[in-house]
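Each of the two complexes below includes subunit A, the first together with subunit B, the second together with subunit C.
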Partner chain A sequence: MMKPYISVFKLRISNGLQYRAAALAGIGTQFFFGFMFIMIFEAFYAHTSGTPPMTLAEVITYTWLKQAFLAFIVLWFRDDELFQLITSGNIAYELCRPSGIYGLWYVKLLAQRLASAMLRCFPILILVIFLPEPYGLQLPTDFTSFLLFLATLFVGLLMIVSLSMLIYISVFITMSPAGSLLLFSVFGDFFAGLVIPVPLMPNWMQQIVYVLPFHWTADFPFRVFTGNLSKTEALTGLCIQSIWLVGLIAVGKFAMDRALRRIVVQGG
Partner chain B sequence: MIRVQGISKSFLVAKRPSGIRHAVKSLFHREYTTVEALQDISFSIAPGEIVGYIGPNGAGKSTTIKVMSGILVPDRGTCSIMGYTPWLDRVPYVQNIGVVFGQRSQLWWDVPVMDSFELLRDIYKIPPAAYRDTLTLLIDTLDLKDIIHTPVRQLSLGQRMRCEIAASLLHSPSILFLDEPTIGLDAVSKIAVRHFIKTINKEKGVTVILTTHDMNDIEALADRILLIGKGSLLYDGSVQGLRSQFGTRRTITAEYRENAHPLQIPGATLLSWTPDRAILSVDTEQIMMSEAITQLSSQVELLDVTIDTQPIEDIIVQMYKEYQL
Partner chain C sequence: MTLYFKYMMLLFKSQMQYRASFLLLTLGQCLTPFTVFAGLYFMFDRFGQLQGWDFYEVALCFAVTQMAFSITECFARGFDTFSSLIVSGNFDRLLVRPRSTVVQVFGSRFEFTRIGRLFLSAVVLIWAVTNINVDWTFLKIVALFFMVASGIVIFTSIFILTASISFWTVQGLEIANIFTDGGREMTQYPLNIYQKWVRRFFTFVIPFGCVNYVPLLFILNRDGYQHPVYALTPLAGVLFLIPCLIVWRIGVRHYRSTGS
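On to the complex of A and B.
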């Protein structure tokens, strides 16, 4: 039953692990941006008057997690092959296979993110643990928080893949990935807390953010890690994440079926 | 086995004249034209047949193949293949068919061919023993031994096409759809591909439906042809039938001992004449071949005679003209 998905997954992972140079360059970039974000926050915190809703140490840890797991949380991480499949008409072959397209693409995207993260997250995480105060990553106070972080990060990853599936489905209609990608990634990444952590946003904006699904993919697991959210909050959050996940997949599958029914194979 | 009844399919095509002005205009108002890709196509195909599906570019060949393989949903009409309606029962149905689109690739570009094959094995859930047998057969008959571990991007077109065909047959389908399988191939590869199609049809009883522009493919393979033009089915029958209906002309080239008088045979036209050689075009509907030869030998002392049938290419061109395609 699961075998086709596992094979696609394996092939994709082994394919993704080839790109060592890209990973190395990526690590460099992520360090650069990590330091930049931290210095900006440091400057803000030095001149703040009240007590901020997150401590500087929490913000720094949050930033490093964001940089390390970038492949898990950004919406602009994309698979050009799938876009080409749709716009060039090679999707014809995918439709001749005895499996649902949604499932196959889902595992493809998941594997790609995992492969990319595997190459990048460990070097970054190891290095930032040993960075001097105050720039270093602070580990969670106990092991349970760490496990909760892993669980929420993983469900968050599944959520981000189902969100990005919507981008691919929209290309069936628009025939160009540029618009959907830009729209989704600019708004999605902001609402996920990738520009500024959600607790630092003004209250009215937080209310919008909490209604949308995006913050569950990044902001939530990172705050579980830093201890900004309690364990009970983490557990309830995990349930809400799962409900979102089921909903997003259902919407995606429905939209995909509709798109396939009126598909036009491009290019003869 | 395959029964197609009254299939119609139209596409909406956005139209606009070239130029900036019209491009800006089309931001606000788009004009669409409906293109009738298929109009009321009906035919049925028995198990074990090889059917050539021909027609000029844009006639609707590929669209028919895509409807029959469950990719496109037609606007009207029914289609029953092995008891399935392709676009409704897509997932269980496609287990039974193999498809090759000559202009597209189903192999993963960056990995060796074998990896793609193994992925297909898992997608189609092929039992290991059956997979091994089929793979051995395919490697032998398509001569893939040396290329199977090469990444696809480094294969030549002919090598890739052989791999594509093998990939479509790994799950031992009972119907094979080939959409221009010999496009861009050299003579040797073409013959190899044809030979292989013939073999699997004979030995495994695979029903083959192929579209092509190469009439040699049709002559070498197809027992039956379907001619489609502007979305409608124009001819359904054997290649011989096509010849007797449209290709009634034969060309006779005769060499003889010098003769000063031009030849005169009723029912035949003289295409060229020299004192020792003449080329005649004979319409077999007007004069029997034997009669023409008898007349010829009575008028000159024949040294050598060759009779050529009209090439099938010419017949097709003639048909396209006749139907104004």
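On to the complex of A and C.
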């Protein structure tokens, strides 16, 4: 029963791994941006009077993780092919397939993100571990928190895919990907802590952020890695993440079924 | 020049055909720098100052850069997406027309949705200018104007330069983003907060420093930068356009069509 999903997944992974030169260029760009963000944070931290809620070393590690796992955490990582399927009416072919469309697209998107991250994250991570003192990546203090990081990052990845599925579903209704994608991703990325880490935001903003699902995808796993969150916090967070994940998938599936029932394919 | 405005009107009319999508995109374009600016505001809320710069001073810096960049993206979008022209072989069509290639590529694309970004940066600029601790003289206003104007020239030059690279590589290179998007992100903050090598690169290789940093010091009346000549430093940035246009020329001469 799982077989078609697994083969779509494999196909997409090997497809994504073809673009090695593009990935290399991407790594260079992400390095540059990483350095730039760190220099800005460093300047802010240089003359601070009180104790900020995150140390500079934590912010630096956070930034590098963000750069390395960009493909896991940004919402705008999109598949134009799927958009074209919807707007051009070729969705009809997809509907003919015997496997569920939600699951199929889900693994497609998941595989794309994994392939892109596999190419990019390891070179970046390895290099930044060996960077000189203030700029380097600080490894977690013990192995358990590293395992917790991997678990939370993975559930976060599943969450981001189910969130981006909602964007694709919204295109069934609006027929134009640009608008909904932009609005959703701009705010999503901000609430996920990609512009500045969530602990550095003012308290009222943090309260808004913690109600929304976005921060579970990036901010939470990264703070588990840096040790900003304790292990018990990480474990309870993992449970909440899973609840969100189940909820998001349920909503996505329901919305997809509704959208597909109303769909009209106009030949051509 | 009349040809250029004709191109512009045509593209404006065609983009206005999809009014709803146009408005949504404009709104979206306005929101992207908005979240970045919100991040900047929150950072100042948390830390109070940035190596002696206060919030409104950095906001001014941010607004000038965003404004220059959004105007550039609106008018020089043709160069930004130039590699697609090469890949499809459509550049051949431009070569047979009896007008300069630069004007034609300029005219090939306009992104009017960038008005959203421009609008936001104008709001930030006004907010910063009215709150900043500066007594505005005529010369300072001129300096501010030059900052935006020559920021546009520099961003345009970078767009031309990266477009020329695709004469050799055919595909556009993602690494070129370091100079366009990276330059934009970088110059949102005063340059002296960065490491020395970064500052040097962005002053002497790509002259953002002359455009953004030095005149800003002049406007703020910082020590050692009070001489009126510093108001005119942005003009030095314009010189950057010359080598970029030369590279473009070499590129055009080097051009071999991809066929199809």
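By definition in this document, the second predicted complex is superposed on the first by the 266 of 268 C-alpha atoms of A that agree within 3 Å, B and C clash if a C-alpha of one lies under 4 Å from a C-alpha of the other, contacts with A are read in each partner's own complex, and residues count from 1 in each chain.
Please note the rule applied: a contact is a pair of C-beta atoms (placed from the backbone, for glycine too) under 8 Å apart; a residue touches a chain by one contact, two chains touch by 3 or more.
Note that the structure is a prediction, hence the values are computed from the model and not measured.
> Which of the two partners, first being subunit B and second being subunit C, lies in contact with A:L127: first, second, both, or neither?
In the superposition, A:L127 contacts neither subunit B nor subunit C.
> Identify which of subunit B and subunit C touches the larger number of residues of subunit A.
Result: the larger residue contact count on subunit A belongs to C.
> Looking at the overlay, what does A:A259 touch: subunit B (first), subunit C (second), both, or neither?
Once the two structures are laid over each other on A, A:A259 reaches no partner at all.
> Between subunit B (first) and subunit C (second), which, if any, makes contact with A:D189: first, second, both or neither?
second
> Taking the superposition as given, does A:F32 touch the first partner, subunit B, the second, subunit C, both, or neither?
A:F32: touches subunit C, not subunit B.
> Under the stated touch criterion, which partner chain does A:L166 make contact with: subunit B (first), subunit C (second), both, or neither?
neither
> Is A:A57 touching the first partner subunit B, the second partner subunit C, both, or neither of them?
neither
> Please report the subunit A residues shared by its interface with subunit B and its interface with subunit C.
No residue sits in both footprints.
> Which part of subunit A faces subunit B closely enough to touch in the complex?
Contacts found on subunit A: 3-4, 6-8, 11, 14-15, 18, 89-90, 92-93, 95-100, 261-265, 267-268.
> Which subunit B residues qualify as touching subunit A in the complex?
Listed in rising order, the residues are 11, 58, 62, 66, 69-73, 90-92, 94-95, 97, 99, 101, 103-106, 108, 110-111, 115, 118-119, 122-125.
> Would you tell me which residues of subunit A are touching subunit C in their complex?
Residue list for subunit A touching subunit C: 22, 25-26, 28-29, 32-33, 35-36, 39-40, 43-49, 52, 176, 178-179, 182-183, 186-187, 189-190, 195-196, 200-202, 205.
> In their complex, what parts of subunit C are in touch with subunit A?
21, 24-25, 27-29, 31-32, 34-36, 38-39, 42-43, 45-52, 173-175, 177-178, 182, 185-186, 189, 193-195, 198
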